[in-house]
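Two complexes follow with chain A in common, the first pairing it with chain B and the second with chain C.
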Partner chain A sequence: MHQAQSSPYKIKALFILLLSMLFFSLAGLCNANEKAEQFDEGTTLLLQKNFQEKKKGIEKIATSGDKRAEAILLALLDGKLFRIKKDNTLVYARVASPKIEITAALSGKPLGSIKKRKLKKISINNTLRSTIKDALAKIDLTNPDPQVRKDAVNKLTTNLTMESSTLLAKQLQSEQDNDVREALTTAMAITALRSGDNEARMLALNDLKGNLNPAVHNELTRLIAEEEDITIRSKAESVLSSIDSKISFYGLVETLFFGLSLGSVLVLAAIGLAITFGVIGVINMAHGELIMLGAYTTYVIQQMLPGSIGIALFLSIPAAFIISGLTGIVIERTVIRFLYGRPLETLLATFGISLILQQAVRSIFSPLNRSVASPAWMSGSFQINPILSLTTNRTVIFIFSLLVFAGLYLVLKKSSIGLQVRAVSQNRKMARAMGIQAARVDALTFGLGSGIAGIAGVALSQLTNVGPNLGQAYIIDSFMVVVFGGVGNLWGTLISGLTLGVANKFLEPWAGAMLAKILILIFIILFIQKRPQGLFPQKGRAAG
Partner chain B sequence: MKSKFTTFSIACALTFGSLVGNQAMAADTIKVGVLHSLSGTMAISETTLKDTMLMLIKEQNKKGGLLGKQLEAVVVDPASDWPLFAEKARELIEKEKVASVFGCWTSVSRKSVLPVFEELNSLLFYPVQYEGEESSKNVFYTGAAPNQQAIPAVDYLMNDLQVKRWVLAGTDYVYPRTTNKILEAYLKTKGVADEDIMINYTPFGHSDWQSIVSDVKKFGSTGKKTAVVSTINGDANVPFYKELGNQGITADNIPVIAFSVGEEELSGIDTKPLVGHLAAWNYFMSVDSETNDAFIESWQKFIKSEKRVTNDPMEATYIGFNMWIKAVEKAGTTDPASVQDAIIGVTVPNLSGGYSAMMPNHHITKPVLIGEIQDDGQFEIVWQTAGTEAGDAWSDYLPGSKDLISDWRAPFSCGNYNVKTGKCSGQK
Partner chain C sequence: MILLKLLKSDRGGRFTLALLALTTLVVPICNLLLPESNPLHISTYTMTLLGKYLCYALLALAVDLVWGYLGILSLGHGAFFALGGYAMGMYLMRQIGDRGMYGHPVLPDFMVFLNWESLPWFWHGFNWFWFAMLMVVLVPGLLAMAFGWLAFRSRVTGVYLSIITQALTYALLLAFFRNEMGFGGNNGLTDFKDILGFSLQSDTTRAGLFIASAIALGFGYLSCLYITRSRLGKICTAIRDQEDRTRFIGYRVEHFKLWIFTFSAMLAGVAGALYVPQVGIINPGEFAPLASIEIVIWVAVGGRATLYGAVVGALMVNYAKSYLTAAMPEAWLFALGALFVLVTLLLPRGVTGLLRKKEINV
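== the complex of A and B ==
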């Protein structure tokens, strides 16, 4: 049934194909020699300084049909195509420090190594970049990898011209992969919509029902605005509304994901505080700086292991835990333990410590932000459908924060130190009477909370600036999450962090980033008035 | 009684003597005030300009100083604290008796010192791009006004990249708000419809850009070419550009043109995902000119590091300093009133191989350059004005300011003269 339905514009496609075959056979008359000649003309134009000339060169190379075309265009796009200043030879350059190895671009002959100063990059601008991408998409239609072919088809679909639809029609004849066929069918349907054949257009509209490709949406909007035939227009309107309802559904899913991701960052930042503030009741204003130390640890480890960013990131997790944890223990042993039961003094003392830590980092690492690189598996996004994609780094951090939560939860519930921590927090005197060294437990608990803050710093280094002010940005949010969730309750912290994140993201499109933040704060103030204990109040010393 | 009188006269004599002594000391050198934050949040950017001033003064002294005297830098630290800027400015002028002051970065710090300079009739050279809408007899604006940065950038996007839809994104404070107001009015005069403009403000240091970038992506998927004009402030840029890269927005589908991102800001980040995004300035370190080569060489020698970069506010400092030197030489004195008269029309070389002149409205002429970010943190210049552009104090696109002109030449001497009503309001 499906086959039969789509046949009218397939026939049209066939017709276009015939035309194109004629065109290609004409082109085929040009012999290999002419191909090479056009290619050479193109590469000579690349040496020009003027971008207009370079553009002509790129077009010549792309249409030359020469085998070397793809490699040279890719190198140009990646900024790996250089010319030797002395004799204008085009070369591919590869850094093999301290020198640079070069290969002749035209002959493929290795030319040994050269100093960087003797090379000049063939520079391109945005216009050229999109020209190259369009040209590459046409070449990529015959790529053996179906994913590359699909991307190429989608790229060409966004800006469909007569020429590219001819190409795509030809491709549909020989294409085997189902995904690529689907993308090609979409392109053909768009082409059909532009034709004068009403029957083909109705069929095309049927095929486009629920299609989420932005090009389809734009084509339908244009069609509705310009179309005179009522049946076609109303059909197009119904198809468009079916697409729109799908889009708004996925929009909701996307916002939910954004909210959970922001929430997971809040949970990560706050969970260490949930222990120090929640379990032992210390208002630790230096919590943000312990996060910052974790981020700087990531930076230092990455500097020590250049070239293996991923491994460095994994090593940073225990390292940051140890460094921030030890710093936390030192702070507890030297300052906080003298101030138990005096919250105001603790607040001021830890605020002072936060300033000291900030200035120390400024003196050691300079006030400038440090750049922490992300490994390749933490950049880009998972494409779920043409309008919904989840960014990889956010997904990884969401999972990571759940793991940290689960780990911490297990430590507190299942290990003997966890038992002692809970015992001390619920009834210090009774715990001491049972032979628990309360002072040691205090130090270890503080160290644990600080160490978790360090781990949060590792995650944050992948999202934001690593600089002396990193901690300040998160301290307020962390307190907000802990207070809202209920002091001393890990589940409360998790739920409250995720809730605040999602609420923030649902408010943001409606109220703007500034107002959304303010509204959340007002909500929490009102909430605390009603329920000072937070969402999940704890029974025990902190509740007392 | 007698003894009291003697004591008094001795005291008088001593005071007088010390005054004369001061005068004699001051006669040896000409003092130059440097008013840049060396601590606090703005230290990142402003420390570099303090070092630039020290280098320029050292070089001038090597050339024989000014009016036969050596120059002496008086450096103070206003610590990114806006009211402290005013106090330090007063200290420089009244206590240190500096001949002129070079300083400030943020608009709010400039607004804070403005009354001090006007009251004490001293000179301030301000080297950073700003939102315009100001003209003071005592301030010389050597950074870009909106018509020397924002408007040409939008023209470039409109004419060369055929951009039809616009996202104006900025941090929530005076410079982005005013600039975006001017740009919005300008775009509307060019026939851009309301639904093709999206304006977005975010708090300082904003780090969660997911929804905004996703909105930009949706806004840009309607088939019309879309660009982002960014007045996002320093720190928030890194997570912003990271999110753009992760959500698959590249420079060739939705280019971002920034007014606050330069070489210094890029030196802290991995620029590979940013390649092709744009910035508009009046100077780039990659400018190919002999004066620029010499400047970079002496800067890296002075700061003792070959890794340090140069940027636009440094060039503006360089131009301002040389203009002041030339004006003082022309006037034959450092007296502010004479320098104010002498400096209008003074022309000095800029670093892009041309010349910049001080205009009667206390703004200068400069070329406008547009560069694309490269993977080494430098800019590739893709467009520049044929000649130079004169800075306009009062924007032609805002209803309140389009009738205002500024001309500080005597006898007209007015910073905001309304051509319609024929009245001069404010400072004369």
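== the complex of A and C ==
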């Protein structure tokens, strides 16, 4: 004000500015007013008891273009939209026991809390539910994110009406994104199938060949059942069978993926064992518990760094390697060292150690399972096409296990310690004569195998809950993998682990999860009796 | 006569059997004839517990026979024990008749619950006691024979054999967990009413079962003693110590192994069959690999390759288990684990080895 008084010129300018602003906003307001009016009409209709009226209301709200439309429809769908019995105000309700907190649906103002009996839910039925879903999809069609638009198109396609197909046709003209256009074309083809024009229908059938959208599958099945024109029907049948074969192919790919994923877990769990059992011939029944220690290490590190799950996970890999590895070395130095050459006694003693480790963890961390969080980049999935998606965490763990395998392989083949390990495993006396300290190599080998078990634990913590019995579940499987692959052969372990995983997953749909496991076990029992050396037996002197 | 001669050379066995005979007489008398107020009265609970230990001792004998004398470390003997137990459990289930929860005249409760229409084929015949008893020895025996025939013929030995026996019991564990198998799934068989017409709740039946367990243990002991002291036993020891050499001399090693292994599985089955009516339940938990490996530690603690050692070990470890799981539940697994380590490192001949002066090479 002070400034305005000092300079009358400025007042004038300000006045003109204000006037022009008013003018423009009025023009905008006219449009907005129309929107708001339609929106208000819609919301009043929602208060009606009659479902038919409510339906009209929903459609009005959806086409109003008002910003509040989406929120109100979502709340209605979730059963969170209420009206206050006294004055018919629409509110969102949130239970904050014992009372219910409400927010005005139209203005967005919080209205405090209220007793439950003063509210009445806006009820909907199944028809309304699908109307709401359609309406929401229509709203989503204008969303700037192409993924949301594509989902909206697919949603509308599953339940295509005349009205929505005109809407989609309009969308197709303005749509820029290729993925969305593709989805729209599918919808157009389905519309064309329903038209009377046989030529257009043949063209549409051609377009739909190999299309994996479930809506297309349904439409074709319906068409085959109802169609009288033979050429169209036979064409539709051939298109449908092409789709079906594609679906079963991707089903196979999915099973293969799950099998490889299970196999990679088995490889991770077994590969440490392949070192301790295969290279130095020690049966370590506590191997599963070393895996468990790795998983608990992940849990503890995550508890220490609550804010940064990703960093905690990366830190746990070396930490788990060190902790499990050191535990392994301690076990080797205090117990196993005295039992070399007595494998059955080693088996019993290490089994005792596994019981002690289990109970120790149970006493320290409680017998309950702990869940370890996954970082955001590991959750979710890669959507390859409408029926095939690969979960990210399983893909990551598959790659991770291959990396661990490669790392271990390089250590054994290229490093000097690896050379010593192989020398001792092949001919202990000769190796000692060449000046290798066999006892030191034994301890290091055992530590290496145990450390790898710890790393396996880190990976497992991303797939299942972490509990004291985690290791037990894997010990028998791991032994099976090592023995099946051929003792002392890393490649054998990799191949047998993946094979067993895939075989398990392929048997599962046919025989059920439990029976598949039993069948695999029986197969391995029979296999070992036929070929005790495993798939890839060691050659030469070490085979003894 | 032969047995008496054998016993003369087995001092520990003589002592154990004498103690066993004494217990068999005294415990039921103290339970049935003495009033509860009498300080010497033995409660039915204690008697049943002792009966359970006797079954474990028989099981330990079976393991000792193959491990101590034949060198086969079986980590799957719990499976044979459980199979015998299931055969007995099936008989007891059929004895329930229409007294079950659902009152079905033929089907056990869990089958009614699963909406089964009729008895599965493998349940037929178990209403006869003699048939069930035949199955108690036949089922474990046949499984052991099939398994052993495959394993010993292809010369699977040492730790490989241990691991596949463990896989065997693990596979059975998974299988018996399935409801579709028709053995009661996770819950197993329970809620038994009577055996041969005698109520399982009565003290006299309990005493009878206790005596039966003691007699079975006695006969089991004598038969194992007979086997180990016979020519057959000598060959077994030879196989344990130098398998290849025994084979080169001309013995069919796999045949000896197969028969002893099968006999041992049958003994385990009998132990299981006596165990089930006393504890009143059989469930897949008995197939757990841990249960099987625990048996091995009983034998190891008592002293491998001495029959009475197996009996002593089973009694000792199980008494410790009962005591510790009640007094300090957390400590039991620590103790068991430590037992595994200490016995293998420091006491390779078990506690009876401490008493024996004469050096026997194991």
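Keep in mind that, in the parts below, the second predicted complex is superposed on the first by the 392 of 544 C-alpha atoms of A that agree within 3 Å, B and C clash if a C-alpha of one lies under 4 Å from a C-alpha of the other, contacts with A are read in each partner's own complex, and residues count from 1 in each chain.
In this section, a contact is a pair of C-beta atoms (placed from the backbone, for glycine too) under 8 Å apart; a residue touches a chain by one contact, two chains touch by 3 or more.
Nothing here was measured: the structure is a model prediction, and the numbers come from that model.
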{"item": "First, second, both or neither for A:444, with chain B first and chain C second", "value": "neither"}
{"item": "A:494 touches, of chain B and chain C: first, second, both or neither?", "value": "neither"}
{"item": "Touching partner for A:514 - first (chain B), second (chain C), both, neither", "value": "both"}
{"item": "Chain B versus chain C as contact partner of A:526, first or second or both or neither", "value": "second"}
{"item": "Partner chain(s) touched by A:355 [first = chain B, second = chain C, both, neither]", "value": "second"}
{"item": "Contacts of A:335 with chain B and chain C, given as first, second, both or neither", "value": "second"}
{"item": "Which of chain B and chain C A:424 touches, first, second, both or neither", "value": "neither"}
{"item": "Chain B and chain C contact sites that coincide on chain A, given as residue numbers", "value": "512, 514, 517"}
{"item": "Of chain A, residues touching chain C in the complex", "value": "283, 335, 338-339, 343-349, 351-360, 362-363, 476, 479-480, 483, 512, 514-515, 517-518, 521-522, 524-526, 528-530, 532"}
{"item": "Touching residues on chain B, where the partner in the complex is chain A", "value": "41, 43-44, 47, 160-161, 172, 200-203, 205-208, 210-212, 214-215, 221-223, 235, 238-239, 242-243, 245-248, 250-253, 255, 267-270, 273, 275-276, 278, 372, 374-375, 380, 382"}
{"item": "Interfacial residue positions of chain C with respect to chain A in the complex", "value": "73, 147, 150-151, 153-156, 158-160, 162-164, 166-168, 170-171, 174-175, 177-178, 289, 293, 296-297, 300, 330, 333-334, 336-341, 343-345, 348"}
{"item": "Residues of chain A defined as touching chain B within the complex", "value": "51, 79, 123, 125-127, 129-130, 133, 158, 214-215, 217-218, 221-222, 254-255, 258, 261-262, 265, 367-371, 373-374, 379-381, 389, 391-394, 463-465, 467, 469, 473, 505, 508-509, 512-514, 517"}
